[in-house]
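Across the two complexes that follow, subunit A remains constant while its partner is subunit B and subsequently subunit C.
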Partner chain A sequence: MNILKQELRMGRKALVAWCISLIAVLSLFMLLYPSISDQLEEFQQVFQSFPIEFQQAAGVADLDLSSILSFYQFALTYVLLAGAIQAMNMGVSVISAEVREKTGDFLFVKPVSRNRVISMKILAVLVQILITNAVVFTTALILVTLLSTDSYDFKLFTLVTMSLLFLQVFFASLGFFVSVFLRRIRTVLPISMGVVIIFYIIHLLNETLKDAKLGLVSPFDYFNLSEITKNMNYDSLNLLLWFVLVGLFIFLTYTLFARKDLPSI
Partner chain B sequence: MNVFKKEMKANLKSLIIWCCAQVFIIFAGMMKYQGFADSEVDINALFDAFPKEIMVVFGIGSVDISRVAGYYSVFFLYFMLLAAVHAVMFGAVVVSKEERDHCADFVYTKPIRRFQVISPKLLAGVVNILLFNMVTFAASVFFIAQHNKGDGLIDKVSLTMLALFILQLFFLALGAMFGAILKNTKRATAVASGLVMGFFILSVVVDLYDKLAFLAILTPFKYFEGSTMMINDQLSFNSAAILLSVTLVFFGLTFVAFNRRDLST
Partner chain C sequence: MNVIEINQLTKYYGKHRGIENVSFSVDRGEIFGFIGPNGAGKSTTIRALLSLIHPTSGSATIFGKDCIKYGSEIRRDIGYLPSEVFYYEHMKVREVLNYSASFYDNVDYRRIESLSEVMDLDLNKRIDDLSYGNKKKVGIVQGLLHEPRLIILDEPTGGLDPLMQQKFFDLIRAENQNGATVLFSSHILSEVQKLCGRVAIIKDGTIVRVENIRDMQKHNYKKFTLDYKGIIDVHHFNLEGITNLTVNENTLHFLFKGDINRIVERLQGQNLFNLLVEEPTLEEIFMHYYQKEDQP
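Take a look at the complex of A and B:
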């Protein structure tokens, strides 16, 4: 319990900074909506005049541009990118910090098992992810409700926004795994930012390519927002893959860390 | 010379990982080009009718992507993003790492002046980003040639790579400046990467909303356009001049700030 409290206290400042920047990114995009919503409705008419094959190829067949949610998805993409970096950052740093800042000598000689330390740290990250999601969800709800002129589909809104939670849990558990897998991590941010950006670029590439196999590489594609809109649900294969991978990363974190040789000063 | 060698050795592994990621992205992207080019020949006629904003929302851009040069020019955005993260992190870490690793007592008590430590470190940075650039160049020419009847479009690609290198230099200098000014590595990498993300989001916003176009001058990601280099064979002289002079200022500030720095031991 003390470990959990201490972790939350240490992460408080960064958490506030991240929440503020996520709110800023989301608001920046959403506040552009009123000024381009008229144009969006014109595009909708342009699209409908196209043959259905083309509409499918461009991924706009079932798209309702007049709804605010289609623009919200676009804005959310950037929140997902930033949120993924945040989560991976927390995941990589929370365990490796003990070795890097030479505080492991203090913590790991306490009469608690390593597994318990890890559990508490994972729990701390999870709590911070949940707080972030609650903040983003509330902000998004306020923005969408204020800016939309018509009613919108609340279920779809929830599904789309919840993908942030899934994505963050994925990247956090990948971060745990990476931090116990590598012998020693000197700087956290280059690792987390590099990994997330590479996955993001693969996702961007796949937006144009629509390759099924490439879609399994990047977690951003697991929660493809336009697919969610079309099916009104998450893709079950991707959800299963997500579940297996997160479980595997967490499992490996425990087993690898239990045997890890921790360097002392 | 010893500092230079030591830095090159210390960064070899991460450079290899970055290059592999870059090669994979180019490979995966170009792999799908053939099928893409065959099936969607007449898509450009349809795209011409589209307003620019909608293309941005769907991440397509306004170039002829059925020809290999146009298709490749879309990659420039990804290269910029990846190269920026690599360069900015390198700059921020290389300047501030000695204090983090508690090696400052060792290096800065040697009978060489501070700038004699910093210059080879920055030189190692330039060599690293140059190698990254060359790998990108070689991989691009190789994979383009495979899809373009053996013609690798060397002229056009080298122009693009020149622009990329100018951007890399800019981000290296930006990172180095933060490394010299801010208190520790953690803060320097956080601020530098926050700025990269800010630049990226600003570049999207500028694309999205015409009335904010004047903000384009604030984000280096809008200084060069992939399409003008790949299709019109032009490199904006003004952009290059502005970026290079700002880079020089940043390098200058790095030296000034580092000379006055209170090294923590």
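Take a look at the complex of A and C:
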């Protein structure tokens, strides 16, 4: 447990900063709602006047701004993007930090197995993801409840908001795998931002192309908010794929790291 | 009983040689020196013992158990001090040491205080405010606080001033007297001679020989550099025990092995500008070993 405690201590500041940013992004968008809710008709018309390809690429083709939850989805998209970067950042850095900061010679000569170190580090990231999600969920719940004029579907709200948790777990486990797969990592942010943005672009592209196969590439498509709204549930194939990939990444993290040579300083 | 037993240990980094067929063993209770120039493979051997790296072939056991297979179990009783120490920058010294101690069972936390006092280390400073030498002290305390049965030191003295080096050697000797076995790696012959009973000499990834320090001291070479004011009379130093004699304008270099008084006698009446007597570098010592090996 000492490693878990240490990891949480070291991640504390970054976690607070990310949570505040996510709250800020969400609040900023949601607080626009009252001021534009009277003119939603016009907004919708403006969007619909754009070419359909543009609408699709911007993710507003199926946009229905008439209810608070659909507006909330629009705002949440940016939280998902930022949250994915946060999670991947944590995933990539949590193990590679020992090599980057050259503290591996301290930690890995202690009487703990490498598997245990990895387990504790994964657990630490999971705890931080759960904290982030609790913060985002609470903030969103307060905002949506305060700003809605009508009642809204709580189940749909929960499904949509929980997609952050699934995305974060996915990108964190991808991050673990990347960090043990690459020989040496000097800086974390370019890797995590790059990977997340590439997946996001694939997702946007697929909004236009609507290709079923391409839809399996990007995790952003697994939790497509407008699809969730339509079906009132997650897609079971995508959920299965998510489960398999997360399992695979974590399995590979353990096996690759067990064999890895720790470079001398 | 052998605490460390290394058997034909080989490590290649891709095509790059780390070490090749390294074999030696360290008895319980001895201070064993491990000496060789930089890049010879000292750290590679040590990192394999700590299972930080995986050997290409061969094996090593500590306390009779395989290093890789029983790594975490063995490391309970190992204290390690690397040549360069890095700790979590934003933590205080005390926090790092407590974190280190939390990995071991039954640690006497008073030892942190007492060891820090001996090494004159401020526990309340932050790691990133420490000088290189002070970080090294954190490393020493960190390596000894759990009273390890085996202490592995990889070029430990860099950054320590002579006074601290002395205190550090005293600490190591005290631990050794309390039963700890020590593997001491270094590229400085004199410090190994001060501390160790036996030494393994490594060069270019292979063990040149394992020798008693007493036998080595028979080859107690000194390196002389003489700056002359006038003309050099080379024949003046036509003496048994002098090797590698070179003349460079007004400077005379040679290595000498034997009774130092005979050199002092010869120096009488010489018109010198400067005189330098040094420990020969390892390379120069190794020359001697290679010459010896070339002989049938």
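Keep this in mind: the second predicted complex is superposed on the first by the 240 of 265 C-alpha atoms of A that agree within 3 Å, B and C clash if a C-alpha of one lies under 4 Å from a C-alpha of the other, contacts with A are read in each partner's own complex, and residues count from 1 in each chain.
Note that a residue touches a chain if its C-beta (ideal position, glycine included) is under 8 Å from a C-beta of that chain, and two chains touch if they have at least 3 such contacts.
These figures come from a predicted structure and were not determined experimentally.
Undergrad: Using the touch definition from the top, say if A:Y152 reaches subunit B (first), subunit C (second), both or neither.
TA: neither
Undergrad: Applying the touch criterion given at the start, work out whether A:Y254 contacts subunit B, subunit C, both or neither, answering first, second, both or neither.
TA: neither
Undergrad: Look at A:F137 in the shared chain and tell me whether it touches subunit B only, subunit C only, both, or neither; answer first, second, both or neither.
TA: Neither: A:F137 stays clear of subunit B and subunit C.
Undergrad: Scan A:S113 for contacts with subunit B and subunit C and give back first, second, both or neither.
TA: In the superposition, A:S113 contacts subunit C only.
Undergrad: Regarding the shared-chain residue A:F29, is it in contact with subunit B (first), subunit C (second), both, or neither?
TA: first
Undergrad: Does subunit A have more residues touched by subunit B or by subunit C?
TA: B
Undergrad: Going by the contact rule set out at the top, does A:M10 touch subunit B (first), subunit C (second), both, or neither?
TA: After superposing on A, A:M10 lies in contact with subunit C but is clear of subunit B.
Undergrad: If we overlay the two complexes on their shared chain A, which of subunit B and subunit C does A:I198 touch? Say first, second, both or neither.
TA: first
Undergrad: With the touch criterion stated at the top, can you tell me which subunit A residues are shared between the subunit B interface and the subunit C interface?
TA: none
Undergrad: Residues of subunit A touching subunit C in their complex?
TA: Result: residues 2, 6, 10, 101-106, 108-113, 116, 259, 261-262, 264-265 of subunit A touch subunit C.
Undergrad: Under the definition above, what is the set of subunit B residues touching subunit A in their complex?
TA: The contact residues of subunit B facing subunit A are 14, 17-18, 21, 25, 28-29, 32, 36, 40, 43, 46, 49-51, 53-54, 57-60, 65, 74, 77-78, 81-82, 85-86, 89, 93, 97, 100-101, 185-186, 189-190, 193-194, 197, 201, 204-205, 208-209, 211.
Undergrad: Mind listing the subunit A positions that touch subunit B in their complex?
TA: For this pair, the touching residues of subunit A are 21, 25, 28-29, 32, 35-36, 39-40, 42-43, 46, 50, 54, 57-60, 71, 74, 78, 81-82, 85, 186-190, 193-194, 197-198, 201-202, 204-205, 207-209, 211, 214.
Undergrad: If you look only at subunit C, which of its residues touch subunit A in the complex?
TA: Residues 13, 43-44, 47, 50, 52-54, 71-76, 78, 80, 82-90, 99-100, 102-104, 142.
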